[in-house]
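Supplied in structure tokens, the structure appears directly below.
In order of appearance the chains are A, B and C, and numbering begins at 1 in each one.
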Amino acid sequence: MSIYKIVLLSVLLVFISRVALSAPLEINFWTCLGNVDGAVMGKLVDQFNKENPDIKVKSLQGYSTEKLMTAGLSGNLPEIILTRTSELSTFIGNNWVVPLPQEAIKVVGVRSQDFYPTAWKLCYYKGKQYAVPLDIHLLALWYNKKMFKEAGLNPVAPPRTLEDFVTYALKMNRPAEKKFGASIPTSGPWLFVWSFYTLLWQNGGDIFNADETKTLVNSPAGREALQWMVDLAKKLQVHQIDTEAGRTGRIGMWFDGPWVLTFWQESPIKSDVATAFYPQKDLKKPIVWAQSHIFTLSPNAIKDQARLEASVKFIKWISEHSINWAYAGQVPANNAVRNSKQFLTDPQLALLRTFAKELPAARYVQTTLPNFVEVQDKLVSKMEAAMAGKLPVDKALEEAEKEINDMLAKVKR
Amino acid sequence: MSVNLKMKNFRYNRSFSVIGNYLYILPFMFFFIVFFAFPVFQGLYISFTEWRVAGQPIYVGLKNYIELFHDRLFYTTLKNTLIYVLEFFPLSVIIPLLLAVAINRYIIGLDFFKFALVAPMVVSVSAVGLIWKWMFNTTFGLINYYLEKVGIHGPNWFMDPKFAMLAIVLTSLWWGIGWNLIIFSAGIKNIPQELYEAAQIDGANRWACFWYITLPNLTQTLLFITVTGLIGSFRVFGQVYVLTNGGPYDSTRTLVFYIYDNGFRYFKMGYASSISWILFIIILGITLLQFKYLKGWGEQQ
Amino acid sequence: MRRSLSLSSIKWVEFGRFFLLLVVALVMLVPLLWTFVTSIKPEALTLTYPPRWIPEKITFENYREVWSRASLTADIVFSRCFFNSTFLAIVTVFLTLIVASLAAYAFSRLKFPGRDFIFMVVLSTLIVPGEIILIPLFMICYRLGWINSYNAVIFPGLGGAFGVFLLRQFFLTIPKELEEAARIDGCGSFRILITIILPLSKSALAALAIFTFLGSWNNFVWPFVVLLDGSKMTLPVALAQFLNTGGNWSVYGKIMAAAGIASIPPILIFMFAQRQIISSIAITGLKG
């Protein structure tokens, strides 16, 4: 080959390699979010892509189980999956996620001291780290100051104990006018059972015993918790008012998470609503149910080093910019963000700050059971029977205990 | 041509045409076998395994079926499904039939009625569920609001097991009437006008026309509607998922819902498959009975 | 037409018919109207008590937000999804009508060994719930290399027994004499199908077309699983963010707007197709 051709070829090679290198690395990111949440996360992803032109993150807000299953079978899992702490053991059991390679974590700079410790710990499964927490969401008391005033209650002194809660609720309760002192969820595997867990824990009980071979819901603690909920529903004549009915302005108090923050920004009754700590049985030992969204990596993320580093880089970036995520109604797990001036002073986040202050009381559902969802469904079904008056509380929890213990006995350990 | 030659040609053509007749079902059978029969038989195989849809299925023989036999929740879902079928299916046939007869002749506003009666069909099942979930809300929903206005204290739709299933039936009727209405309408249109004219000359009233002309000429249509309608009722799932999620207290957990739960929430695909095969056998039995009973007034056209 | 009934009883029957139709029509429309009214309220005002039919404030922000910001994935363009759904639905209807007509004709009018047995086997597959087939079907499409391709969305549906069953029942109602007369004249089976059977089955074909269209248009679970690119996504998948019910709370304004957006094209097609059905019946009307 002549010199001329060699020069041309090498210039061409350099040009091609530069183009190839500058073509952004494509990373797929699936989340469990939907609705408003998903839109906020989508915008964050867009911002990341703009600031990091060498990486292109393609996001999908709201995967379905079918999609994860088929992706797992065909090797098409996204590199990063955002899921919840309660689902981690399931994901691990389905081979959808892998332990986080510690060197990559160190290289990119994701350190445990930057995160809320309890959330960080929940990302570990049998000693290995599988995830990085994004946020914490927990339950709190939402109340309507206007209804407080109408009943002669002090709008800046919401009830701190469960007893006071019931008293206040009954005082504000005027069913004939369709104004209710409080509403509690009466069915479903979400807020309904989360409220039960909170009360169960406050009463000193727990869901399972230490090695998760037996359920402990049929204990005095559990029976008291469920009875409290059933009695309250009866006293208030609460008929399946979802917590979202608080938006009608006719409910005095309800339990809900921070994720509804965006509603209240534009609500006409915005100034009437405030948040407070979840009422407690024992003010010295406050407990409230909590859960986190967590970033996990699928087997596809560790296929090559570039992909892995890009994924971890993305996780770190989102975490550092999670102040924007806070506006979707989530308490950031990143300590720096949570203690930032913006988070602590922005009036738009006023309702959210209560949740952040409640963090010391946060208690997660911790389980390594592969069939936790099935077990919980059984519990919820019996609880619904008690709520509907089909079974007395004792019988309901007794049956739940028997059937759940049968399920636990079948689990391969 | 001589008669013998004609007959020989005829026989030759006939055997040729028999093969040709298979060609008509060839495209359909190809898609059917590859994309339907094959997966269905794989599903049968899976029912003899345990499989988390990750890794390989593990062969366990009849274990799933034996476990199913002892599963109290399975019998509950079977019972719930039967309740739904009994409450939904008859009305889902009778109401569209009467409506199809009613819109068959001109009346003021016919176009409007035709449009209104089928409009709900268009909405997807998730949206239907969400719309009715809020409408059935016990305290603030539209239904109880208007019930109260006429002095009826609205029931606890989604907390009372008795009414939860009723809510689902009503939602399903609202959504599903349009489907059968279109089919009945098409069937009625195929009935020659002369039959009605002759009957009315003979002095038959509306009811006689319906009973002696319309119905007998709709037997093929009715067979279709009852077979697919019954099968469809047994397979109810989408609305339940959105409206009640199977509750309260498992009162609306239907068979397909149980299949879905086991397959996609509890990751017991083998068990889910076995439930669907038991469902298959049950419905197949009922369908065969339908064909046997209804075939009498079917084929002799 | 001579009537042997008295005038007053006719009036009562007619009035009853009108009243019945009116009541049912209202029952059908009221929830849809409520959906629409909710969708044009500002999100924060969607849950009020007493329920308001006339919104305090009318806004189209829900529609705007669903259309522009509701990106299931960042590379979804809503108008593209509209087009995708339309394209898929039309192709599916076209192919289904052809495949099902051919098979239904054979099952109803042609004779060949095993005909009824094969038909019963085919029919029995109507019983199988889609959820059970999902994973095995996915693996078949995966092995065919059809993941992320429209082939996976269009072709599996052509094996459905519903259309074949529906058309077979209708073909059975066509008088055998017509066919026999044509055969004596020397018509082959195919010509009989095209020139006699199909034209007489316009209403059944229209019904099947409507059902197939709606089934394809509203199909969510399968396209969501099988398609990966945003540019290929269909409308219900794009709207899934709002019609998926995994959330703990409901943005009713946006949900109703999403439902509205998904429902408008089929409704328009209905209104248009309705005219077609009516006029075609008028033409074929009185048959000899």
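In the analysis below, contacts are C-beta pairs under 8 Å (C-beta built on N, C-alpha and C of every residue); 3 or more make two chains touch, one makes a residue touch a chain.
On a predicted model such as this, the values are computed, not experimentally measured, just so you know.
Relative to the C-alpha centre of chain C, the farthest chain centre belongs to A. Counting C-beta pairs in contact across A-C and across B-C shows that the higher total falls to B-C.
Averaged C-alpha coordinates give centres for chain A and chain B that are 39 Å from one another.
The distance from the centre of chain A to the centre of chain C, with each centre set as the mean of the Cα atoms, comes to 38 Å.
Separating the centre of chain B from that of chain C, both taken as means of CA atoms, is a distance of 14 Å. In chain A, the residues touching two or more other chains are 66, 69, 73, 178, 245, 248. Counting partner chains per residue, chain C has residues 47, 49, 135, 139, 244, 250 touching two or more of them.
Along chain B, residues 53, 139-140, 264 each make contact with two or more other chains. Residues of chain C touching chain A in their complex: 42-45, 47-49, 65, 69-75, 134-135, 138-139, 142, 147, 221, 224-226, 228, 230, 240-242, 244, 246-251, 254. Residues 52-55, 137-140, 156-161, 244-245, 247-250, 261, 264-267 of chain B are the ones that touch chain A when the two sit in their complex. Residues 17-18, 20-22, 24-25, 27-40, 42-43, 46, 53, 95, 98-99, 102-103, 107-109, 111-127, 129-132, 134-135, 139-142, 145, 174, 177-179, 182-183, 185-187, 189-190, 192-194, 197, 200-201, 203, 205-206, 217, 220-221, 223-224, 227-228, 231, 234-235, 237, 241-242, 256, 259-260, 263-264, 269, 272-273, 276, 279-280, 283-284, 287, 291, 298-299, 301 of chain B are the ones that touch chain C when the two sit in their complex. Residues 32, 34-39, 42, 45-46, 49, 58-62, 64, 66-67, 69-70, 73-74, 76, 178, 190-191, 243-245, 247-248, 250, 257, 259-260, 263, 266-268 of chain A are the ones touching chain C in the complex.
Residues of chain A touching chain B in their complex: 65-66, 69, 72-73, 90, 93-96, 178, 180, 186-189, 239-242, 245, 248, 370-371, 373-374, 377, 380-382, 384-385, 387-388, 390.
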